[in-house]
Every structure is written in structure tokens, then in C-alpha cells.
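Order of writing sets the labels: A, B, C and D. Residues in every chain begin at 1.
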Amino acid sequence: MHAREMISTHPHVRGNTNDALIHCIEECYDCAQTCTTCADACLGEPMVAELVQCIRLNMDCADVCAATGAVATRRSGSNEAVIRAMLEACATACRLCAEECEAHATMHEHCRICAEACRSCEDACRKAMQSMSH
Amino acid sequence: MHAREMISTHPHVRGNTNDALIHCIEECYDCAQTCTTCADACLGEPMVAELVQCIRLNMDCADVCAATGAVATRRSGSNEAVIRAMLEACATACRLCAEECEAHATMHEHCRICAEACRSCEDACRKAMQSMSH
Amino acid sequence: MHAREMISTHPHVRGNTNDALIHCIEECYDCAQTCTTCADACLGEPMVAELVQCIRLNMDCADVCAATGAVATRRSGSNEAVIRAMLEACATACRLCAEECEAHATMHEHCRICAEACRSCEDACRKAMQSMSH
Amino acid sequence: MHAREMISTHPHVRGNTNDALIHCIEECYDCAQTCTTCADACLGEPMVAELVQCIRLNMDCADVCAATGAVATRRSGSNEAVIRAMLEACATACRLCAEECEAHATMHEHCRICAEACRSCEDACRKAMQSMSH
């Protein structure tokens, strides 16, 4: 992704990038795509009825990650309260989706990979929140 | 919108709709559209340089409202924690966008209407949060 | 929705609204919400395995409608080619989703209503395309 | 991104990935993020009034790329018509955004990088369309 290269050219950012936030933005876009794939892959499994809750959490997580990635990209100081609230919501969505995917990880490789992506994004959201508090 | 009619046919909801949540979903989709219009209208004003922060908050608010509307639509009990966190984030985004738009309301009619839509959506998010706590 | 009221205050639009496009924008946001509900309602049905294709088309249609609504809202002359291409894609997504939902309409009330919403949005997209050609 | 790894585990795809489509999905998510950054960076420039059309095209391109990436991820045969229409719309949005960004590329580094990302995504959309025709 071009996230780091692009954000470093932002007139308000030059020479003062927040690496934790940039990493989090990349994780959010990645996790949105991963969860969208996992939902569709779950829909393709013969035992789809057992994966209904997983599909719902995948879709919620994809929507929250996409919005969080966009809001965090639009970094501009005075909307810090929105970024913080979205990072909090995103960490929650990622945690719940990871827990559900982990329950299916031995059966479905897409759930195993998706759980890892969600845990990684949850962690990146928490580190980005910390980076904004000082 | 078909929100109420559609949600009342959901197999998990039948005969037990949460009116505050359904109203909130309608407000979220409406506010997303209103903020997207306000951002574009601000971009068309001769004094666009004075409206930069308004445009950014419009875009953040539109993204958060759209995601909140989708997540709240996908109501399914076990993702209540995600809905709650998004309602909280959405109330914050709406409040900040309303405050900024109110500062331009006497100059720009689109900011006046957008501020009202944001206050209305903020209120609907708070009532939906309350409706989910009992 | 505030679409008509808001767009009429846009500095580039004042006194010269395109009613077919405004109606289409409202239909797009409505159809996005309706399809998101139908996908979740289908996931809640005991025979979910028979509704997999319906769920996928619901999700595609919701994504395309949401993007089309936003792009059409951001009306500004020089992006007409993007609006046109999205109206075309949206009419296609709505038609395919409607056809699939119609096949389940006698069994599932949410599919019946969703099919109607998709047909209505498809029609609005076609009329908006015509309104932009003269 | 996990796109390739995830899609290769999809039950309908196993052992038969469409590399051009997967590359296109990655480009769409990347371009959505890049255009969102470019819009915000343009809003931060002192000469924002000269960049209004660039900001609008950035936002349109971001919305279209995000929807195209999601729809293309939800690959399932029978929605090929939707994927095709969205790839067409996405190539158009990327081309127009690239042309506008190129006009500012010598003045603004973010526009130069964004133009490259848009050209790359446009190219990936066209190759994905070709890959689906045989």
C-alpha cells in the first residue's frame, strides 16, 4: 500500500508521521478485505448454517474497518475524538470477529487466516490509540 | 425508506421491533447522504478555504453514519457490543460535525440543514443506546 | 430524507435541480439499507443454504447502491462519466438482485419487499441516466 | 495484504485463482486509501480553491474503488455482470482522477503519487476485465 508514502506528503504531516496510526490504517484496509473474503468463503461452505454468526461478524468487522481506515486517513487534529471512538469500535469488532473465526479455524483455513488478520488489526488499533494519548 | 417494513419481516425480529434502533438506522442513512451533500456544497463555495474543517468533519460523519447504519441493520444479538461502540462513535461524529456546521449556518443554508440532520442523528444514536440497555 | 432540500442549496445547483437524479439518490440509499436487511434476514432463515446466492447479490447490490448514491450526490459536471458508469452498474446490480429475490418472494416476505425496492432503484437509475443525456 | 492467501482458501476457488482479478482487488483497496489521503492533503494546501475538482474526483474514485474491491472479492460466478460493470466504472473513475492529479503533480507530491496509483488501478481493472472474458 501507498499509505506511508502518501501520508508523509500531507501538508500537515510532513516530517512528523505517526507510525502507529499509519500501520493501523494499513491493517484496517487489509482486515476489511480479509473479512469480506471470509464472509464469502463461509457462504460457499456446505455447512453454511453453522457459520451464520461468523458471516455476520465478518460483515460488521469489514464495515467498521473500512470506515475506521478512512477516518484515520483523514487525520486533522480536531477530529481526534472521532478517530479515537472509531479505533475503540474497530478493536471491539476485530476482537469479536477473531473469537468467532478462531472457533472455526481448525475446520476452515479462511477462518484461521481471518482470525489472525483481525487480531493483528485489533492490536494495531490499540497501539494507535496509545500513540494519540501523548 | 423501507427500514421499518423490512426489519419487521426479519426472522429473528418478528413482532419484536426495537423502534428506537430502527429510527436510528433511518437517521444514519439520511445523515450520511446529507453530510456528503454538505461536503460537496462547501467545496463549491467561493470561500472554500474557510470551510476546510467543515468538509473534513462532513466526510468523517458520512463514513461513520454509513457504517453505523449497516452494522445496526445487521442486528443479531451477539454483536451488540459492536453496535453500541458504533452508536457511541456516531453520536460523537454527529456532535462534532453539527458544532462545526452551526458556526457556518447563517452564511450557508446547506450547513444549517446539515447541522439539524446531525443533531437529529446524534439524538437518535443516544436513544438507540438507551433502548439496548434494558 | 433531506436529499432534495440539501441539494437545492448547493451553490452549483440553485434553482436548477435534476429531479430524476435526486430521486435516484434517495432510491440508492434506501435500496442499500433494504439489501443489507435482506442479507441479514436470509442469514436468519432455517433454509439459509438455499439463499446463499441471494445473500451475495444483496451484499453486492448494497455496496454498489451506496457508492452510486455518494457519487451521484457529489454532482459536479465534470464527473458525469463516473456518475453514468455507476448508474449503469447500479441498474445491473439491482436487476440481478431483484431477479434472485423474486424467486424467493412467495416464501420470504423480506425477499418480496427487497425485490420491489431493487426494481424501483433500477428504474430510478435508468431515468437518471436519461435525464443526463440532454 | 492477505487477498491472495485468503482467496486461495475459498471453497469455490481452490486451485483455480484468477491472478489478474486478485491483483485488481489489491489495487482497488490501495487506490481507495491513496485517494482518501490525496483529498485530505489537497484540503490542507493553501491553494485549496484550485484543487476543488481534484478533491471531488479523489472522493468519487475512493468510493468507486472501495465498492469495486468488495464486489470483486465476492466472486461467485453468477454476479459476473456486476463485477464487469464495476470494473468498467472503476477504470473510468481512476482515469479521470489520474488526469486531474497529473495536472497538479509538479506542484503537489501527493497528487503525483495518487496519479500513479490511479493509473496502476485503471490498468489492473482493464486486465481483470480481459481475464474474465475467456
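In this section, contacts are C-beta pairs under 8 Å (C-beta built on N, C-alpha and C of every residue); 3 or more make two chains touch, one makes a residue touch a chain.
Keep in mind that what you see is a predicted model, and the values were worked out from it rather than measured.
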**Study point:** Chain whose average C-alpha position is farthest from chain A's own
**Key:** C
Check your understanding: Since chain C and chain D are copies that touch, is their contact same (over half of the numbers shared) or different (under half)?
Key -> same
Practice item. Starting from the mean Cα coordinates of chain B and chain D, work out the distance between those two points in Å. Key: 27
**Study point:** Whole-Å gap separating chain A and chain D, where each centre is the average of the chain's CA atoms
**Key:** 19
Revision key, fill the gap. Flagged in chain B as touching 2+ other chains are 39-40, 43-44, 56, 59, 66, 70, 74, 76
**Study point:** Residue ranges of chain A touching chain B (in the complex, touch as defined)
**Key:** 53, 56-57, 59-61, 63-64, 66-67, 70-71, 74, 76, 78-79, 81-82, 85-86, 88-89, 92-93, 96
Practice item. Note which residues of chain D are touching chain A in the complex, please. Key: 1-3, 5-7, 9-12, 25-26, 29-30, 32-34, 36-41, 43-45, 62, 66, 69-70, 73-76, 108-110, 113-114, 117
Revision key, fill the gap. Chain D partner, complex, touching residues on chain B are 39-40, 43-44, 46, 48-49, 52, 55-56, 59
